[in-house]
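These are the structures in question, set out in turn.
Each of the next two complexes has chain A plus one more chain, namely chain B in the first and chain C in the second.
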Partner chain A sequence: MAKEDMWGKLGRIDPRILYVLLVIILIIPLIAPIGLPIPITSETRKIYDAVEKLPPGSVVVCAMDTSGAAWGENGPQAKAILRHLFQKPLKIVVVSFEADGPMLGQRALLEVPKGEKKYGVDYVNLGFVAGGETGRAAFGRDVQKLISKDFLGNPLEKLPIMEKVRNAEDFALFFTFTSLISAVEMYVRQLYAPYKTKVVAGIIGLGVPAVVPYYNAGQLFSILSGSLGAGEYELLSKMPGEGVRLSDALSLSTLLVVVLIVVGNAAFFGDKLRGKEEKR
Partner chain B sequence: MSVLTRREIAVFMTAFAGIAVIADYFLKVPVLNTAVADLLRWGVILASFLLLWGTISMLRVHVEVVRKKTPNQWHYSTWLIFLMAVFVAVSLVGGLAGSQSRWMYDNIYVACSSTYYSVLGFYMISASYRAIRARTKEATLLLVVAVIIMLMNAPIGGAIWQGIPALGKWIVDVPNTGASRGYIIGLAIGAVILGIRTLIGRERGYLS
Partner chain C sequence: MGPLVAVVLTLLIYSFLYKENKLYRFAEYSFVGVSAGYWLMVAIDNLRSVALGPILRGNYSYVIPLVLGVAVFARLSKGYSWLARWPVAIVVGTGTALALRGFVDAMFIGQIRATIAAPMDYNNILIAVMTVCTLFFFMFTIEHKGPVGILAKAGRYSLMFYFGVLFGNHIMTRMALLTSRFIEIQNFILKALGLS
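Entry: the complex of A and B
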C-alpha cells in the first residue's frame, strides 16, 4: 500500500507547485549568480574573430527581424554584438524587415555605449522595410533607392554614412536577430546566393537545429544561438551582460525540466509495475 | 466580363514579372537589371500599402463587432480600437522614435508580448512532467534526444558530463542536418514546379 501511495503521489504533483518551483529557480540565479562556466562554441568564436579582423570603415548591417516576444533572447544577442561593433572603427547600419524591429533596434542602440561614434556618420537606424522577401531582395540590390528617410526622419542623402552603404556588395558582415527560420532562409536566397554576403544568424535557441543545415552547407557564415550565444559573445568581448546573467537561469530551468521528465517517467513506470503486480 | 478584369491579364503580368526577375538573376543586362530593381521597389511599396489596408480591414471588423455589441467580444474589440487610436495618436504627435512612443512600446507592447511568450515556460514545465513519457521505442528515442539537446543548450550540460555538448552537436550536425536537407530539397523542388506552373499559367489558385 505504501508503495502504491508513493507512485501515486509522484504522478500527481499539483502543477501549481511546479510553476512556483520554476519561478524560484529562475529568480535565484538572477539574485545570486552561480557562475557556471560557459563554454565558447566554434560558431560564436568565428563571429568574434570575423568582427575583430574587419578592416576599418567596413559596413556591418544588423537586421532586427525580431519581436517583443523574442526580445528576451534576441535582445542580449543584439546588444552583445552592437557593444563590440561600437568599439571598432566600423560603420553600423540597423534595419528591420519585420514590423516590430525598428523600435527594438532603436532600443538596443540607446542601451549600448557608443563611445565617440556619431549618429549619421558612424551608425544609422534605417527603420522598417516592408515586403518580406521582396524587401530583403530590394535592400540588397540598392539601399538608397529603396529607403529615402531613416527611422528618425532624416533624408538619407544628408547622412554621411550612407555614402558607403549602397548595396549588398558593401556589407562586410550581415547579422539578423530573429526568431524566424524563414527570415534566415530569405537572407540565404537574397543576399548569400547572389552577392555571397557573409550572413550571421542570431536566432533563438529553438530555431538553431532548423538553420544548421545552411551553416553546414557554407551558406550561413555562422550562428549565434539564443541567450547562451549572447553570453558566449559577451565573455569573448570581455563585456559580460544580460547573456551571462541569463545562462545560470537557463541551466537551472533546463535541469528542472530534465528532473521532471525523470520523475514523470518514474511515476509512469512505477504505476505500470504496480498494475502488473496487482494482476498477479 | 470586361477586358480589364480578365484573368489572362493577371496571368500575363505574373508571368512577365516572374520571368524578368529570374532572367535578372542570370543575366547582366543593364536595362533588365534596372527594370527588375524598379519591380522590387514596387513590391515593397505595395506591401507597405497592404499593411495600411490590413489595418483598415481589421478596424472595420472590430467596429462592426462593437456596433452589434457581439456578446463576449465587443468589450475586447473596444479595448483594441482604443489602444490602436492611442498608439497612432501618440506616434503621430511625438513621432515613432519619440520618447512617448518608445515608452509605450517598451512598457506596454514589449512587456505584454514577452509575458505572453514566457507563459510557454509554464506549459513546458507541465508538459515535461505529464506528457513526455517513454511509452514506445520511438517516444523513448525522442525523449532521450530531447534531453541531450536541452542539456547541450545550457552550460549545465557540460558540467554534468563533458560528452553531452559533443553528443548534442553530433545529433544536430548529422541526423538533423541529413533529415532537414531532405525536406529542404523536397520543398525547393516543389517550389520550382509550382513556380513553373504559375509562370506558364497552369496554376491560378492565387487569383481566387
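Entry: the complex of A and C
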C-alpha cells in the first residue's frame, strides 16, 4: 500500500478533531471576551434612530415568528429591541404567527427589564395567531376581530392598551423576528403593500441575502441582520447583552471555518496535482 | 429544572458528533415526541379559541369553517373522500387570492421599479447588470451562443456570487446558533456555581 502524502492526510482529517478545535475556539471568547470591534451598519442605525424618534404612545408590534431552533439568533435580536422599547414611552404589542413564538415572546418579555411599564396598559402578549398569510392579513385589517384573548387568557376588552391597537394603520413600527424568508415576504404583501406599514425584518443571518432586495426596493423599513445585528443594536442602545457576547465567538469561529475551507481546497487541489504527476 | 433539562439534552444531542449512541437517540426521540405533543396542543387550543369559542358566544358563522375542517377527515372514507376536496379548494383558493393581493405590486413591479429607478452608483449599476445577466441565464428559448452566451455566463457567475454569500451567511447562522447553546450552558454552570 502506497504511503499517504501530506495532501491526502489534510483531506482526511478526523472530523472529531475539527469539532474539538471549534469548541475550543468558541469557549475562549466566552470565558475571556476579546472585545473585537463591532462596526454598526446603516440598517441597524436606521432602526435605532426610528425608535428614538417615535412619538410617545406610539404602538410598536413585535412579531415573534421564530422557533426554538432559530432562537439563538432571533432571541438576542428580540431582547435588544425590547430592552430599548421598554425604555421609551411606547405601547408594545407582542404577537406570533408561528406556533413556537408565543412562549419565546413571553420568555423575552420576562427576561428584559420593564421599568415602570404595566402589563395590559403598556405592553401585551397576544399569543399565537393561526393561518399563516391569512392570519397576518387579518391582523393588519382588524386586530380585535381576529383575537379575543391574550396569551395569558385575558379578554382583550379588559386590556387598556388594546384601545390603541385596532389595525395596521395604528402600528408605528412593526418588527418581525424570524428565520423564515416567507414570513418577511408575507408582511411585505399584507402590511407594506396595502397600509405602507414600516416593517423591520429581524432575520437570522442565513435569510439576509434573500430579503435585501425588499429593503433596497423600500418595501422593508430596515433589516436587523442575525446576532451581529443584535450586537450592533445593543451597542447603540448602550445595553450590551447576548449579541455582543456572541460576536467575539462568531468572529473567531468564522475565521476557523475560513482557514478550514482554505486547507480543504489546498488538500483537494494538491491531491489532484499529485494524481496528474502520477499519470505522467 | 428547565435550564438543567435544556443543558442535558443539548449535551446528549452533541454526543452524536463523537458517534451515534443511545443517549443521542433518546434526546432525538424526546424532541420529536415533545414537538408532536406541542403541535397537538396548539391545534386543540386553536380549535377551542378560534372556532368553538365564537360559536359558544353565539357567532354561528364559525360553524361553516368548523364543518369544512371536519370534512377534511372524509378523506379516510372511500365513499365520501370527495368531500375533503372542498376545504382544500377553499384553503388553496383563499391563500392564492390573498397572496396575489400584494404579489404583483410588491414582488414584481416593485422589484423592477427599484432596479430601474435606483440611484446611479457603482453598486446599483452592478446589481442591474447582474440581474439582466441572470435573467439571460434562465432564458432557454435562445441558444446560449455569441453575446447571449457571454451574458448567460456572466449570469451564472452572478448566481455563484449569490450562492457564495448565502453559504457565508449559512455558516455565520450555524455558528451563532451553536454559540448561543454554549452561552446557555455557560450561564447554567455559572448559576449552579453561584457566580452569576
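Quick note on the criterion: the second predicted complex is superposed on the first by the 276 of 280 C-alpha atoms of A that agree within 3 Å, B and C clash if a C-alpha of one lies under 4 Å from a C-alpha of the other, contacts with A are read in each partner's own complex, and residues count from 1 in each chain.
Keep this in mind: contacts are C-beta pairs under 8 Å (C-beta built on N, C-alpha and C of every residue); 3 or more make two chains touch, one makes a residue touch a chain.
Keep in mind it's a predicted model, so treat the numbers as computed, not measured.
In the superposed model, A:Asn265 lies in contact with chain B only, and not with chain C. Contact with both chain B and chain C is seen for A:Ala69 once the two complexes are overlaid on the shared chain. In the superposition on chain A, A:Tyr192 makes contact with chain C only, not with chain B.
In the superposition on chain A, A:Ser148 makes contact with chain C only, while chain B stays out of contact range.
When the two structures are aligned on the shared chain, A:Leu255 is found in touch with chain B, with no touch to chain C. Contacts of A:Gly205 after superposition on the shared chain: both chain B and chain C are touched. Within the superposed three-chain model, A:Tyr19 lies in touch with chain B and with chain C [touch as defined at top]. Of the two partner chains, chain B is the only one that A:Pro37 touches; chain C does not reach it.
Looking at the shared chain after the overlay, A:Leu246 reaches chain C, while chain B stays out of its contact range.
Within chain A, the residues touched by chain B in the first complex and by chain C in the second are 15, 19, 22, 69-72, 99, 130, 132, 134, 137, 194, 205, 208-209, 213, 216-217, 226, 228, 250, 253-254, 257. Looking at the complex, you find that chain A touches chain B at residues 13, 15, 18-19, 21-22, 36-39, 67-72, 99, 102-104, 106-107, 127, 129-132, 134-135, 137-138, 141-142, 145-146, 151-153, 194, 205, 208-210, 212-213, 216-217, 225-226, 228, 247-248, 250-258, 260-261, 263-265, 268-269. Those residues of chain B that touch chain A in the complex are listed here as 25, 37, 40-41, 43-44, 46-48, 50-51, 95-97, 101-102, 105-106, 109-114, 116-118, 121-122, 124-126, 128-130, 132-135, 143, 147, 149-151, 153-159, 165, 172-173, 176-177, 180-181, 184.
Chain contact summary for the complex, chain C toward chain A: residues 17-18, 38-39, 42, 45-46, 49-50, 53-54, 94-95, 98-99, 101-103, 105-107, 110-111, 113-114, 118, 127, 162, 165-166, 169-173, 175-183, 186. In the complex of the two chains, the chain A residues touching chain C come out as 15-16, 19, 22, 26-27, 30-31, 69-73, 75-76, 99-100, 128, 130, 132-134, 137, 148-149, 185, 188-190, 192-194, 204-209, 213-214, 216-219, 226-228, 242, 245-246, 249-250, 253-254, 257.
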